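The structure is given below, and queries will be raised subsequently.
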Amino acid sequence: MKTAVIGSTGYGGVELIRLIEGHPHLELAMLVSTSQAGERLSRAYPHLQHLEYTFQELDVERISQETELVFLATPPGVSVNLTPQLRARGKMVIDLSGDFRLEDGRSYEAWYNRKAAPDRWLEEAVYGLSEWFAEEIRKADLIANPGCYPTATLLGLLPLLRAKMIDHRALIIDAKSGVTGAGRKVDQSLLFCEVNENLRPYKVDGHQHIPEIEQIAGRFCSADVKVRFVPHLVPMNRGILVTLYTPMLHKYAMTEVLSVYKEAYESAPFVRIVERGWPATKAVQGSNFCDIGVHVDERTGWITVLSAIDNLMKGAAGQAIQNANVRMGWPVETGLKGLPLVP
Amino acid sequence: MKTAVIGSTGYGGVELIRLIEGHPHLELAMLVSTSQAGERLSRAYPHLQHLEYTFQELDVERISQETELVFLATPPGVSVNLTPQLRARGKMVIDLSGDFRLEDGRSYEAWYNRKAAPDRWLEEAVYGLSEWFAEEIRKADLIANPGCYPTATLLGLLPLLRAKMIDHRALIIDAKSGVTGAGRKVDQSLLFCEVNENLRPYKVDGHQHIPEIEQIAGRFCSADVKVRFVPHLVPMNRGILVTLYTPMLHKYAMTEVLSVYKEAYESAPFVRIVERGWPATKAVQGSNFCDIGVHVDERTGWITVLSAIDNLMKGAAGQAIQNANVRMGWPVETGLKGLPLVP
Amino acid sequence: MKTAVIGSTGYGGVELIRLIEGHPHLELAMLVSTSQAGERLSRAYPHLQHLEYTFQELDVERISQETELVFLATPPGVSVNLTPQLRARGKMVIDLSGDFRLEDGRSYEAWYNRKAAPDRWLEEAVYGLSEWFAEEIRKADLIANPGCYPTATLLGLLPLLRAKMIDHRALIIDAKSGVTGAGRKVDQSLLFCEVNENLRPYKVDGHQHIPEIEQIAGRFCSADVKVRFVPHLVPMNRGILVTLYTPMLHKYAMTEVLSVYKEAYESAPFVRIVERGWPATKAVQGSNFCDIGVHVDERTGWITVLSAIDNLMKGAAGQAIQNANVRMGWPVETGLKGLPLVP
Amino acid sequence: MKTAVIGSTGYGGVELIRLIEGHPHLELAMLVSTSQAGERLSRAYPHLQHLEYTFQELDVERISQETELVFLATPPGVSVNLTPQLRARGKMVIDLSGDFRLEDGRSYEAWYNRKAAPDRWLEEAVYGLSEWFAEEIRKADLIANPGCYPTATLLGLLPLLRAKMIDHRALIIDAKSGVTGAGRKVDQSLLFCEVNENLRPYKVDGHQHIPEIEQIAGRFCSADVKVRFVPHLVPMNRGILVTLYTPMLHKYAMTEVLSVYKEAYESAPFVRIVERGWPATKAVQGSNFCDIGVHVDERTGWITVLSAIDNLMKGAAGQAIQNANVRMGWPVETGLKGLPLVP
């Protein structure tokens, strides 16, 4: 199946290239980059110097003629315009940006400070959290690939929420991410000497992934969920760890809680319930796994959920491929069987 | 003033050596190490090869004859026995271990799983959080130097608690530490290749710093405080960042909250209130500063406090020297004026 | 083809597991660990918690009955005894340790300070540098997988040596390695806080990879080669960069030198000649590539060769799989097509 | 003594600020930054938020009126114009840039690709390698502070060269630097995710520190020295390690070589001869030390010199302060007694 990757010079784009190259049913037919059109891939990414690709201009007609499935790994606002054009030409779109994740255009405009896509297309979009919405994804032609933080958070949160075990009015999400989460942005704050040996919070005032978490969480408790979410930048390349704190509605034993998770994910090959020790980002590095651990604190009556992913894999490109597999009816692990790269 | 450092081969001990060497009124008269007695300091720490020290056996009589002030940077349980002997000989003791921080011996025994010191000495000990207990410290001969996590947590928490602005029944403390916090322990889990490019929680079941935080917090709200505290290991050498979440009792504006902090710390030279951007561990690296930032979240009604220290400085050796300064009536910044080492 | 991995708890062993799991023709039939026999793999390596393996005792009979090909990722001295037993039972052996790399047992005994294997088996062993000795490897039943430093060094050096362009009497090899090169050894000098933010040389007096380099280099210039080799430890997990300096025998232009390399490696898919920029360890991370760059310095008449590999891949497990492919007549890239994990 | 720092927003500038703030005889009277004039220091460097400085415009008259000693931590080419103006007004200048290090203006123009300063001022400049040129520095009003690589290289090389023990026709210098050496340049190649877990050579074609090394080395052997110098970028913030290889002219024992070094540096408090183990960058981190180790290789007849400094200290700001001390007749360690920050 011929695919195009648009926005192929960023970290999400290059991870897509890695996965598509190793996928038995996908073929990389076009690499599109507006900023580096005409340039060879090996110039942007010397580690791929043996591959013979050249970045193409963004040409919707050509993309539509030469490919069937389009991955968008573009900055906010690009997909708003581009996806309707691709959809109008009948192309399947998996959008890794945030442009189609929020059902409510006003919410998008408030949090992203940009014009939202037309309602018609927002309505068509399916939220691509494969473990929970596979049925919709199987029929979708416009899949909004979840954000990295929402993926880790929701996979950890939804089982408890669905089981009505926790008080959704107090959801404290302390999130920590490696630096690839910020993209390949040339900014002083992302220089090695600024980030290395440093830990810092950012966007404490409000991160655009908040409404995405709240929207999906709300579906599972029929309420207007508000979460407290603070992200932190950790001096490492890959990995997200979410530590979620919430009060239990009743006293639950660890075994009860664990069985809720095991049941929720019994047929989800990428979710591993960690019962010995705790999730760690390195244990999922380079893989599509989400590792989840839980702890019931009898002293306070709060439950803590720990959820670890590789932000470029399960948090972006890996989940995009997973969505393609689900959509096409291929086994969900196709092209995603690589073990974590450890150490 | 002649001092001894007991437990001088660990990371806390070597930081004490650095500070005492640069202190105008303190003299390093004895370095004690039971594990490396007879060995030269330069063998344990080649970066100090120009210093002519040899580790001594632990000999309470000699320590008492040759020094006036003793710093203990020993593992849990050592000070329980040693400090009473030193105090019985009239020596001043600043204990960097946790052995004298908890007033209640039973609590110590429950959390540390060791025999507590006799009540007589527990009662004598003063908790050395200089910014809040300077009056007691000035008269104390046995100062229990606070733990690294409690230092960062309490400096961030106490102003709000004293002002009765928050609900002490929901105190969520998400703590992140550099690896020196684990000491110089030769353990597989602390090898470079295991820690590097990894982020992981630890002691999710319960960390021994919890009762220390609860004891002091309890004093400020006359209640039996229970906190939810989860520490995480971050791939960097130094630095602690505490992110504390708690619900506000009323609606407060940021300016109100900030003024509470400014007032609390107006004469505390090591506490800096960060109003522009957010605290970051690198900004305090190698210094005795504690940087504090606050955020009022109107959406949820929760307040977030961010507190950053260098765990070996304000979280250990720096605060110990600060306590010595307070105790001796020297200006509090004596020997602690070094700026953060950045970048 | 059923395989056993002996010494499967080290970093080389776990990388072999990753590769064998992804190889279409190899099956992981037995994991052997004397130190952790009876333990589950997921306990030593939680990132593999979804795999159902248990470490077995070392039982030569059982290994011989249940597998055809044995990979040894054992410490020095183990293979000396074990390999003859396996060979006597007709098993094919690929030995990742240094026990069979040196033809001369006395050299092994001098550099490794251990008893060498019997001459009979040393004679049988073939040096597994696939790009140069494929013909011998195809017929070999005992393959001595090259060391990490020799692999990077020899791939960079041999084309020049064979072409008689350089003076073999002055070969200066400055080598830099990530920390996985030291193995999973629980040693104070390998703790995170000791290695991080540190760069240091080691074994300046003599590294056991020196005779291995000299033995192979000697074959290509019919001389008794002596190299100056100094390794350094770099604060990163994976990667070796070798910078090799040697005087040119005549004046050569860059193009001449490059064409020698291109010719040498025209049918070697894992060797990439870098003409734009210079080799970097990250560009080969997680892959089996060796990236080589060269520079002719007209001011001094010396040539500099830069050679980068992932020490666990091309420097160990990757090359072992490559040797298995060559030996079995499978396409050399089988199971090794994974692109570098970047960033 | 009132001082100005020009170019105070870079890493060298901020290290100067740290040292001047801790120096008993120097006062920071003016911070000059053309790019951030009018801005507060705490905005460029939040770790200094408690200091009340504002960056000034570059105003030579004002600088001359308000200060006596000017430190220039400016990019190449700035000092060429600025220093003559300051000298014409009688100010003492310590220039941390490369503009006055090369005696021969044509050499500067060839290597820096910029117009050199007028000969008159080049002639006035004294090369500020304090350990070797203290006599000239004591009388100098224009001190060219050595480059980071030349400092580490020359301190390691000059004793052997002066003693005529080595063949200056083969000087192989393999240099490794932390990332602060590249300055605070906002460039994609210096982003955290590009540098972290990566080791790479750079400027293999020729680094501008080469003529500086050759010029000084040439003085000590009365010859036209040509060195082979290749720098590498190491994923850490601070530190340079130089590994220098050169053939011995005769057979020397280690003790002979060591005694040459000990004699050369017996009254040099910042140079430490490492006889146990080898120099490591962390052992000098944050300090003005240069640690030197040597190894005589009997197999090849080559000698290896290892030299480690903190590039921002002995390689820049620390050496600048040392030069100020020498020039003013203050004890050479004034304001530089801080021990290395370890771990």
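To keep things simple, chains are lettered A, B, C and D as they appear, and every chain counts its residues starting from 1.
In this text, a contact is a pair of C-beta atoms (placed from the backbone, for glycine too) under 8 Å apart; a residue touches a chain by one contact, two chains touch by 3 or more.
Source: prediction; values computed, not measured.
Of the two chain pairs shown, B-C and C-D, the one joined by more C-beta contacts is C-D. Work out the mean CA point of chain B and of chain D, and you get 37 Å between them.
Between chain B and chain C the centroid-to-centroid distance comes to 46 Å (mean Cα coordinates, whole Å).
Separating the CA-averaged centres of chain C and chain D is a span of 38 Å. Shared contact sites, meaning residues of chain A that touch two or more other chains, fall at 11, 180, 193-194, 196-197, 235-238, 280, 282, 285, 343. If you sketch which chains touch which, every chain touches every other chain without exception. In the complex of the two chains, the chain B residues touching chain C come out as 11, 179-180, 184-188, 190-197, 235-237.
Note for the complex: chain A touches chain B at residues 170, 172, 174, 176, 178, 193-194, 196-202, 204-205, 226-228, 230, 232, 234-239, 241, 243, 245, 247, 278-282, 285, 293, 295, 297, 299-300, 302, 304, 306, 308, 343.
Put simply, chain D touches chain B in their complex at residues 11, 14, 17-18, 21-22, 42-43, 45-50, 180, 197, 237-238, 269, 272, 274, 276-277, 280, 282-287, 289, 337-343.
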